[in-house]
Amino acid sequence: MDMGASRAFRATPAATPSSLAGRYAAVRALSATLADPLSDAEATIQSMPDASPAKWHLAHTTWFWETFLLRDHRAGYRTYDERFAYLFNSYYECEGPRHARPSRGMLARPALDEVLAWRDHVDRAMAPLLDRAELAPLIELGLAHEQQHQELLLTDIKHAFFQNPLEPQVWQGLTCRGFGFEGLEAQPPRSWLEHPGGVVRIGHDGPGFGFDNEGPAHDVLLQPFALAAELVTNAEWEAFIADGGYTTPSLWLSDGWAWVQAEGVEAPLYWRELQEFSHMGMVPRDGAAPVTHISYYEADAFAQWAGARLPTEFEWEALAQDADPAAGNQLDPEFQGWLLPNGESGSLFGDCWQWTRSAYLPYPRFRPAAGAVGEYNGKFMSGQFVLRGASCATPRGHSRATYRNFFYPHQRWQFTGLRLARDL
Amino acid sequence: MDMGASRAFRATPAATPSSLAGRYAAVRALSATLADPLSDAEATIQSMPDASPAKWHLAHTTWFWETFLLRDHRAGYRTYDERFAYLFNSYYECEGPRHARPSRGMLARPALDEVLAWRDHVDRAMAPLLDRAELAPLIELGLAHEQQHQELLLTDIKHAFFQNPLEPQVWQGLTCRGFGFEGLEAQPPRSWLEHPGGVVRIGHDGPGFGFDNEGPAHDVLLQPFALAAELVTNAEWEAFIADGGYTTPSLWLSDGWAWVQAEGVEAPLYWRELQEFSHMGMVPRDGAAPVTHISYYEADAFAQWAGARLPTEFEWEALAQDADPAAGNQLDPEFQGWLLPNGESGSLFGDCWQWTRSAYLPYPRFRPAAGAVGEYNGKFMSGQFVLRGASCATPRGHSRATYRNFFYPHQRWQFTGLRLARDL
Amino acid sequence: MDMGASRAFRATPAATPSSLAGRYAAVRALSATLADPLSDAEATIQSMPDASPAKWHLAHTTWFWETFLLRDHRAGYRTYDERFAYLFNSYYECEGPRHARPSRGMLARPALDEVLAWRDHVDRAMAPLLDRAELAPLIELGLAHEQQHQELLLTDIKHAFFQNPLEPQVWQGLTCRGFGFEGLEAQPPRSWLEHPGGVVRIGHDGPGFGFDNEGPAHDVLLQPFALAAELVTNAEWEAFIADGGYTTPSLWLSDGWAWVQAEGVEAPLYWRELQEFSHMGMVPRDGAAPVTHISYYEADAFAQWAGARLPTEFEWEALAQDADPAAGNQLDPEFQGWLLPNGESGSLFGDCWQWTRSAYLPYPRFRPAAGAVGEYNGKFMSGQFVLRGASCATPRGHSRATYRNFFYPHQRWQFTGLRLARDL
Amino acid sequence: MDMGASRAFRATPAATPSSLAGRYAAVRALSATLADPLSDAEATIQSMPDASPAKWHLAHTTWFWETFLLRDHRAGYRTYDERFAYLFNSYYECEGPRHARPSRGMLARPALDEVLAWRDHVDRAMAPLLDRAELAPLIELGLAHEQQHQELLLTDIKHAFFQNPLEPQVWQGLTCRGFGFEGLEAQPPRSWLEHPGGVVRIGHDGPGFGFDNEGPAHDVLLQPFALAAELVTNAEWEAFIADGGYTTPSLWLSDGWAWVQAEGVEAPLYWRELQEFSHMGMVPRDGAAPVTHISYYEADAFAQWAGARLPTEFEWEALAQDADPAAGNQLDPEFQGWLLPNGESGSLFGDCWQWTRSAYLPYPRFRPAAGAVGEYNGKFMSGQFVLRGASCATPRGHSRATYRNFFYPHQRWQFTGLRLARDL
């Protein structure tokens, strides 16, 4: 019996359009493409409160357009289904009560087809708005928002499939390079990117879109430092494990050690012996590829063990200002490659998000936007750490040098990894 | 937008076949009929650890036939999919490790269609076994087992649909009698069924199938008592609430009072103002219909409030020995009526299961059967209470006077109700 | 450093007085004697919500006398401290709100000395009431109540001391017989006490005091059975463990197996290698002594393993009707022996309470008493199992053939053990 | 009945000694003084896992001296009791396994007297070490460590006493100024302390003692800002509550709003109507006094409401560099005043610790010390926020401008408050 045999990846056109309308169409299409291999049931289930069903992502992003663009800016627009606002508002308190997050997996209705029909309806209604210059900033926000949910859709569905002992595949038929675990001696000599320190301009100041949390731009004073030119690899992580990394309390933050013991953590999230779980099911692990699906606690412990440290987000940005944010292993509509880090590009961007030792806090003079859209970032500024870069599941073009991703230190179902730093 | 408009009930032939092969076919067909209105996603979700997905019930019952009949008794049978035993074994320790019960809702694969294909495969393979007389007892067990899961499928899917703020309907188009809440004065004078007490023969001793927990038959000494001729109604329950039933600790068992306070219980499970949730969505509540979806704690508190008590399971059986167990409001393949108690029959059976004050314990000289099948009942004999009768979701023909259903005292997602008793 | 060197046991006069006043004095004195070795701090701490501080027991029993006797029956009595009712009411909803049970260990004030002063005050005030015949039943209840708390005080303080890695001793200087673990072959041939079955009169019908849950007396029909003449011993339990008792799911009730796995249970509560924790600290375990501190789940699994079963409470009572309830290893004011089962007496009473397979339920025609005193027993009649007999910590004279003790099946900090039964 | 009538405060000499030996004596004496009003039972109980018994603080500080000074640096010293290391090690993984933190309240033994005897023994043994210059840094660390635990002892015992419905007093007889709640209009015009920004030297670089987490000193670039000259007062907090502060989600961090709802938070920890709980029991609340016992979440929400923000730790330090860290309402051996903020001094130090918006993270080039002492600070650098200043329970002389206190954002049993900041 072959479950899912016809699910080979369906390619979509690749050229990035330059008009806002073209980019709207491309972004919206990619969301649907990502959900294409999923059955209604697969798009409905929720594996943990942190994660959401794929269908929910498709619907929530549509709710965003309907609420903040169509409702507010298109005269006479009639809401598609009044009940959807309750179901698909994520966390915007200003927009009223919401379906409880841990119960998102109970929404067998509306069915996937109904959500897709809603998406089409909204896309048609959006067409006249895409040319209105005064709406461009809000539309840019909507596009960036939808791209974030594309990455979440991918990581959430990976987590959900992992719960199934059948180890199902999201995609089949992707070309796969020759994997192979090459052992602990595989580590290449590490090279370092040096920075002299001094006053550095940090944060987003245009042109182009940036989230509110990336600004205001401001000066930061840095000491001389170096960043590793490569991400930490699976082979290096194996060495960490073999050296007792997970059983040596002195390497760990106090909260991290408590987490390791309470959860029985012994390896990155998706590791099973010499394999790791991927969107293509269980695959052999590549020793030369960057390690991913690790928590901040693990990243910090590894850095301790390696005699190094994690960079600050400012250090990372200082070196990334001259890099191409669209380079490296990121998500393309054509899915060149597969959804795993490969470490081939040498770019600061791509493969996996990189934990920094910076807590996610407001920049000086930060002010959230007014209204519901202002709930976007500011209210999450406690308890989380900043990640920089982009991952193999980040839509190419979404990230930039000033981009601030953030998660709690125990979370690791995202494509998270690390790049070492040291003082000069 | 009409979600589920084509889901009107699909009738299936009604005559109960008398041959084992005919009954096998009928029982298996009913399972599929019950799942017929469900989408793949609806058949996949799980609303709480106590409940299972509809698809899981369809699969688990199939696993039972494949494991205990085909594997053990049909030479050369090849297991359909080796991996399914892990996924769809419920609790048989002898049959090896199992997928964790709270994670049953993660099984988006195999899809509903695949499970139905497995069902067909197994049904075809079962055909030659249905005539073998020495297998008849095991086949009878399999049929009874599948009927139990039919009722669970119905109560589990009701609970799952209730989690959806859209208040979806499982079935539409069922003929509905005129509902209507007739207020607190609607209670008819209650009549009582009297019994003189004395030595009564309790338990199953054949002919016909009975579960192991119904035997051995043995004598029990009863004192004179009476059972109410009618089940407690919604109107009576309204009076209980209006009189402070849920806020008067002296009416409650200590564990029950703790449960009421911890869970904030104020009414039966599916009540919302003057409505109740059903397989047809929210419907007006019928004051004259028996109350259902109540816990043992609630049943006991009501009896205290009413100056009565719950019957023992022996009292109930003593009076039911002469009743027709196939009478009353039970589940027919044609769905005469709808899946709610109506109180119209006056039968001891049907409408809802009736909590007794008897703990679920072994009868004298009870011995579980050898092997995995022996795990069927005995290992649940702590902490639960016995319910007697049958409900509107019990396949007609499944229950009998000696039948012992059992649940924990806080559980109420089954069609549970009560019939008062008193001493003479 | 010797912590507690002067804590040798202080003997008190032994003759059991026959007058109510004399018995009042003796019971009240024993409570104080039991707390005598405890410091204020030791009498204040609480090790788990199930247990209470020793000081709390001393105070709660005093509250009982003050509330139900002095307040209600002694004209002009002024409550010693109005605030104590809130602190020391256990669970009487009729008597108003209470300090939360899990926070009893926060009551560093009133100090132990203050509680003892309150006890003295109440004892003096009680004197004129002890001769009033119409109060005798209530006084008997108060004495029985205080004796129950004496046993709880002993088991609770044992549990509290066990939490301290210093393994402190409650008492020192007790004469100790030569302990010694004699291995798995030490089991004597088991002899059985047979009963022909038939109609047996069960329950308390006077003369003398009995709790409401012991009545009404009524007939029960029994089948022929036998009870083991001896309690199951530590050596037999060792054999159960050695034979994989705690790792064989087929021996266990479903709830029991879940409990074993969740709690990591591998042996009786206080076992540590070849020792067990006692009021005298860690002592060598005696293979010939009855096993104790086991849950119902463990008792039931052992009986399965031994090819036997637990008795019903009616079977136990049928055989105990002719036994001397004051015989065996029970608690005397003089502490002849120590607070551990020894198995020396051959009595049905003493050493440890014996789990029965009877759920704790009301007898036919049971009615709780009116008022707060009526909350005594009835409201606990769900989810618990009956234990019969008496333990080494039960004040001699407290138990009787009809006595029904009861605990939840997972609880084991009481002196609980088992006596096997089988069908004839 | 007067519980604790003789507990009036016992004054101790006040002059701060200048020699290390003299300071050792003074610090050690203050610990004992703080515990002086406590009974053995009061010193034993533990109200929550975050807090420790008073006796435990007395013992743990003694363990520190015995372990890191006497054991390592005094030849021939014999450990007082080998078992105490297990009981009274707090979190030093290098020093071996420990008694579980949530079970510290189970240590009725050793008794308070025994702990005090151990303290005396260690103090006598320490005498010869106090003159050894090479040990001075370690002794300074021990003194600072003990002072930290003095403050914790005070806040922990306050929390423990608060659990007792008797609302007991730790101290009686303290002179109390005229309290009085003066209403919402009592707010004085707020004045601001301005800072021009620029490069500021941050961190400890000697002379004198500093914790490892205060260094290395380094330059930080600040923008112009202002700090409020006064702490936020109770009257202002009343206005925040009256304006719906606790029921307006837009004011709150996302984690904070979840906390408010889960815990039902409506006011600072110890507020009850117009009173607040103190070491002197319930006292009237002073509107003009600084608010205290608030979480970071509450502080941040208040600042939002007030149109201001919390300062960063660097801003606070920049302004505090010229202030006298020994000024203001802090803890003196003579207890001038009482253990509540009063807002009288106008100092940046004292009254209550001030939440900053800085996460507790390592300074550039921070390296923990080698060995167990190195576990002191670094391993707590995730998830917590920095507080600056000092409180009314901080031993005067303990804090300084570079001092970094830190707690989780939900914690509020410390004397925590806030000082607003704004951009210039």
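In this document, chain identifiers A, B, C and D correspond to the written order of the chains, with residue numbering beginning at 1 in each.
The rule is simple: contacts are C-beta pairs under 8 Å (C-beta built on N, C-alpha and C of every residue); 3 or more make two chains touch, one makes a residue touch a chain.
What you see is a predicted model, and the numbers here were worked out from it, not measured in a lab.
Q: Counting a repeat as over half of the contact pairs in common, which of A-B, A-D or C-D repeats B-C?
A: A-D
Q: In whole angstrom, how far does the Cα centroid of subunit A sit from the Cα centroid of subunit C?
A: Inter-chain centre distance comes to 59 Å.
Q: Measure off the straight-line distance from the CA centroid of subunit C to the CA centroid of subunit D, and report it in whole Å.
A: For subunit C versus subunit D, the centre distance works out to 45 Å.
Q: In subunit D, which residues are in touch with two or more of the other chains?
A: Residues of subunit D touching two or more partner chains: there are none.
Q: Give every touching pair of chains, nothing left out.
A: A-B, A-D, B-C, C-D
Q: Could you please specify the touching residues of subunit A with respect to subunit D in the complex?
A: 91, 93-94, 199, 218-221, 223, 249-250, 252-257, 296-297, 300, 357-359, 361-362, 364-365, 375, 379-383, 385, 409, 423
Q: Going by the contact rule at the top, pick out the subunit C residues touching subunit D in the complex.
A: Within the complex, subunit C contacts subunit D at residues 1, 3-4, 39-45, 47, 80-81, 83, 86-87, 99, 103, 105-112, 114, 160-161, 163-166, 168.
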